[in-house]
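Listed next: structures, encoded as structure tokens.
Below are two complexes that have subunit A in common, paired first with subunit B and then with subunit C.
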Partner chain A sequence: MVQTEAFIILSMILFALGAMGVLIRRNPILVFMAVELMLNSANLALVAFARQWGHSDGQIFVFFVITVAAAEVAVGLALIVAIFRTKQSINIDDLHLMEG
Partner chain B sequence: MEFLLFAGIGSLAIIAAVAMLISDNAVYSALFLIVNFLCVAFLYLMLEAPFLAMVQIAVYAGAIMVLFLFVIMLLGAEKTASKGNRSFRWLPGIAMGLALAFVFSVGAAISSGNVDGQEPPPQDAFVRFVHAAPVRADIPEGASEAQLAIAERRFDVLVNGTLAVSGLEFNDQRGVNERYLRLSPGEYTLTFSPAGTEVPFKTLALTLDSRDSTTVILHGESDAGLTVTALDDDLGIPQSDRAHVAVFNALDGQDEVRLINLVSPLVDDWRQVIPVSEPVAYGTRSAAIPVDPSIAGSLVVIEGGSETAVLEGNFRPVLVRFNNIPGLSLDRQQSFLYILTGQRALNGGLEPLLITREDPGALAYGDPAAVGIRLFTEYVLPVQLVALLLLAAMIGVIVLTLRKDIEPKPSRLMRRKVSRPLTAVISTQTGSDLGPSVPQIEAPKSASGGQPEPAGD
Partner chain C sequence: MQNLALIAPLIVLIPAIGAFINFTLGPRLSERFVSIIGTTASGLTFGVAALLLVYLHNNFYQPVIVNPPLINGTWISIGTLEISWQLRVDTLSVTMMFFASLVGTLIHIYSAGYMHGDARYARFFAYLNMFLAFMMLLVSANNFVVMFVGWEGVGLCSYLLIGFWWDRSRGAGWRNSNAARKAMIANRVGDFGVMIAMFLIFWTFGTLDFYKPNEVVNVNAVQRLAEGGADDSHSSLLLTSTAAQEDHGEEAADGEHAEEGSHGPAAHLEYTNNDHLALRQMGVFGQTDRLMALGEDETIDFGLGEMRGRTIQVGQYSFDISLMLVLIVLFLLLGVAGKSAQIPLFVWLPDAMAGPTPASSLIHAATMVTAGVYMMVRSNVFLYHSDVASFIVTLVGVGTALVGGFIALGQFDIKRVLAYSTVSQLGFMVAAVGIGAYPAAMFHMITHAFFKALLFMGSGSVIHGMEHGHHHLHGDHKDGHDDHGDDHHDEKAHHEEEFDPQDMRNMGGLRHKMPVTYWTYVIGTFALAGIWPFAGFWSKDEILADAWEVGLIRGELKGFIALVLLIAAAAMTAFYMWRQIEMVFHGKARHEAAKHASESNWMMTLPLIILAVSSFFVGFINVPSGVGIFSFGLENMFGGLHSLADFLEFSIAKFHIPAFQPVLAIMTMIIGVTAMFIASRIYGGGRAVNKAGKDPLEADASTAPIWSIANARMYWDNIYERVFVQPFTRVAEGIAAFDWNILHDYFHDTILYKGFNALGSFLSRPVDLGIIDGAVNGMGRLVRGTAGLLRQAQTGYVRVYAVMLFLGVVVVVVLMLLPMIRG
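So, the complex of A and B:
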């Protein structure tokens, strides 16, 4: 059985990569993908801890996280499409005006 | 070997994540992210979460990534590298440094022992208390509270001296006279005392291991004959199309009991029956017997276990029609323990009564069925809330994407482009009649719509 720490370290690395992606990339679609990566690493940690403590609550929380992530992606991508239609650009650096 | 597999899958996940971050083409990024999700799904399988692995593949690698690819291709935003116009050139370096510092600090915390490498803690053990001792017919008058409780067979159960189960009573309604306890593994002293008093009546030493499932049965007819027996619930793992059945004989003062296989539930000739179990003496349990749950009434419990009694028909059969007992059906791959007890009838004989239960330890950790059962029992409210959230998100997406089509801006732009040459053509063809009227109509529109545009660009 692979130790829980190994999964936690892998989860941390993936989370750090996702956080870097959110900060570095300029394309909001890629930023969203990085957010998904972070959510996934958190899920991995939850499942690893669920096995560590032999309790399936962690797995159920992961199920909820996946559901919320699906809703978030749907709304986020719709926002991106809406912004693209008004601005003709989705570069994050161009979206610094608070006007409608 | 398993760790090598983990290391391979884990490094593939990291490589896919890095490739996703540095790829210039958004479509490639999405495909690398799918690889990463598949790796994580495989890791879920290694972590005994097959349900989540399937959800991960279906929802993440399937639905969400298709949505991403769809939007990328809809917007034509494949090329994401736009260097030279960055407002914060120093940000990536800082972000990289912060991220690496985060990883290293966590690694340091782990190596210094903040996350223990201990084995998973032991699981709770299930203990079921079954009251299978019928109530005595003659209740003594003027008896003390304890004597009355004993006569009425009302008992409390103390676990290591503390009250754990109160008011365990005999009742011929199925399920009423059984209670469950979850106890952590260890050694326990169970004390049965008359209800309301804490006077020890019967004691039983019990050693529980992790995930044990034990049935503690109180049986016996006379006050002096009351006995407490502990049984291991493990009836083995049935084959895919079979169920396991065992019978515990709690019929005090009766003959042995045996399970026989009845070829047809309506058979008249009892000689057609085939014995499938050894005779079960009072206070003992038969071995687990595999049965076909699709055949109703395939088992019979007979008092009087001798072969001659069966052949001569000199016995009192009790039909156990598994699929006809209210609220109970025998399902495949389940284990059932039938406790055969009796209630004192008017004629002084014992009316056999079956107490049944399926094995609570049947669903192991990570079993999709176990996760599903918990989702729809303990977590019904969160499931409903998440469903509402998804509904709200769906409506929000529809509103967000529909609103732009209602706005008149694109159609106005098109009309201005098309209508000017058209009016010019019309005016030249029909004379100057149309000419003066057109600018009067067009001027307010272009003045109101044309001015905000330069600001917007």
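So, the complex of A and C:
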């Protein structure tokens, strides 16, 4: 049986990759994908710990996270479409309307 | 019959309602309707008074205290002070109610004619009704405070009626309203005395009630009644009524006492003395009697375990109750001097004649001015127990009688003569109260109400006739001023010449023009002058007989003073009244108006006739024993000898009636007739006023100095002008100058205005702009500067926020992990 530490290490690697993607990428779609990567790394950690302790709580929680992530993507993609329509661009470095 | 007394509150309510209707709806109603409302209210009041008289008659003249319905009587309740609207139905109050409402009703009828055409007709009737309501409240009160409410109320109505014609032209309006103010101010001085007296009474006795329920007023009288009234010297209305009740059998008595009927009238009396009452359960007069009976160091149970002695503690001073009584009576006397026009406050009454004649007649002759005498009679126990105070009361009364009579000798205004005569007669009453002749004072008050009301209304009729004559005179060349009535008051301004319809110098010879007025006036004169057998003879003689008894038989100085000086005043009364008859009615007309004068209409003459008849008969309500056939047996119409006195006996604790003094009666008669004869010799035969418009006494060098003093009203008003009015004016002017020069110019302009400006500019510039604005603006600048620094953190780039987020997470994680690493 694969050790829990391995899953956690994989989860950390995935999270780090996702975080790097969010910080570095300029295309919001790719940022979204990176966010998904982070969410799924968290899911992986949850599932790993659920298996470790023999509880189903973590696994059920993962379902919620997946559901929420799907909803978030739906809203996020809609926003990206709306932004593209107004600015003809989806480069997130062009989007700094909230500058103080 | 117990329930009949419960109508007592109506006696205040009915005229109050009449006044209310006339105040609110009156101006929209016709004259006829207004006068009907006013007169009906007054007539119903008289009816209630008559029913109360019947009640007392059936109830053996025992007083009863009636609680008004709905409000349950309580007015003020503070600690031990309990003031209630209780009405006291006893012989004294019902006597006052009866004659006041009777005279009042006649004057209402008279006013309906006299005030015809006046612009404020409804208001006049409303005032009259309001006056009647307050008068009834005054006499029916069972404590000093409610009495004082009535006292002030009648004073207010008096003020309103004196100044009723405040808007007359040619300065007459000013005179009227000044007269009203004078009355108000003089009465204020008196009311101050009444208030002080009330404070002292409350302090001394812990209550202001005259008598409490179940308290016997006159123990002697009640015990005599309980014994079946065997005293044959009191064969009176009382005993005839008791006899009648017994004749009619037991069913005439109260149902609850029917089985005890065999005991006779005594069975009706629950108590015949006050032994069952603690001091606290008694009114002020009962307490006075008990406290005065104590020895030097004795004490008596006050009730609720408190002991009371003769010593009264006021602040740090303590003095004997007799001294307290002197103070109370003297302060009450000040009130009497105001209301009943005694020295030194009488000056308002002659000026009060500025009001319409019916008001003069009702308020300033018959009823209101007797309120002071009523209060003194009510307070007879106080007077009885303080010789010093009653001596002063006697002196004031006698002095007033003399001064009033003397001044009346030199007056030309028909109403002014009567006004000073009223002052003089009120002096008689107060003197009577001073010597302890309380029933005599009440008797004279009643007879005086009738004949003085008659004389005033007669004078009103004369004035009316003169004005009519004056209009007739000018109606010839002016377009029809022949309508009579009081609208001439405004028209008077159109006439070129000044004409005073009240000046007796303009009259003369009215005897044939106004026969009804003339004959009723003569009857009133005889009654006032005390000519047998008219009312004034009996009442004045009663006072003089009492003075005779006190002065010559008991040998007290005050009685002797009263006897001698009151006879002198009576002589003056006869003299000035006959002078007036000669000037007004006899001789030849001295003015065109008098030639064309005519008799007044029936609404004015009918009350004159009724009052003239009354002025003859009213004297027989109190005929002393021993006059034999000289009273024609007419006293039997009113229930026998001394019936008024016997009636009042149950309300006057210190009751006392004098024996008839034949010598005195003959002497006063001779003096009166002689005075009138001298007057007719001086003023008769067309010599009433000489060609220069002078009084014969004025023209004669030997009497001129004395006459001019009387004419100048003994300089009384001038002295007041000098002593009070002018210094007052000067002080007022001084204060005004101080106000203008110091307060306004210096204090207001310099200190307040400039100081305020300086302070204002200091506060506005350095303080407000510098400190306060600076603080507020500085705050704004600080916030803006800080925000300018902070906003640079907000780049708007998502990435930056994400980095921040991650850094934050890292920091949080590190913080969370730190304890683990250490541990």
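As a convention for this text, the second predicted complex is superposed on the first by the 97 of 100 C-alpha atoms of A that agree within 3 Å, B and C clash if a C-alpha of one lies under 4 Å from a C-alpha of the other, contacts with A are read in each partner's own complex, and residues count from 1 in each chain.
Here, a residue touches a chain if its C-beta (ideal position, glycine included) is under 8 Å from a C-beta of that chain, and two chains touch if they have at least 3 such contacts.
Given the structure is predicted, the values throughout are model-derived calculations rather than measurements.
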Looking only at contacts as defined up top, I'd like to know whether subunit B or subunit C touches more of subunit A.
B
With the two structures laid over each other on chain A, which partner does A:L23 touch: subunit B (first), subunit C (second), both, or neither?
both
With the two complexes superposed on chain A, say which partner A:D93 touches: subunit B (first), subunit C (second), both, or neither.
both
Now for A:Q3: first (subunit B), second (subunit C), both, or neither, which partner does it touch?
first
Please write out, lowest number first, the residues of subunit A touched by both subunit B and subunit C across the two complexes.
19, 23, 93, 96
Sort out for me which residues of subunit C touch subunit A in the complex.
790-799, 802-803, 806
Sites on subunit B touched by subunit A in the complex:
2-3, 6, 10, 13-14, 17-18, 20-21, 26, 29-30, 33, 36-37, 40, 43-44, 46-49, 51-52, 55-56, 59-60, 63-64, 67-68, 71-72, 74-75, 77, 80, 82, 85-87, 91-92, 94-96, 98-100, 102-103, 106-107, 110, 115, 117, 120-121, 123, 365-366, 370-371, 374-375, 379, 382, 386, 389-390, 392-394, 396-397, 400-401, 403-404, 456
Looking at the complex, which residues from subunit A come into contact with subunit B?
1-10, 12-14, 16-21, 23-27, 29-30, 32-34, 36-37, 40, 43-44, 47-48, 50-54, 56, 59-60, 62-64, 66-75, 77-82, 84-86, 90-91, 93, 96
Note: in the complex, subunit A contacts subunit C through residues 19, 22-23, 31, 92-93, 95-100
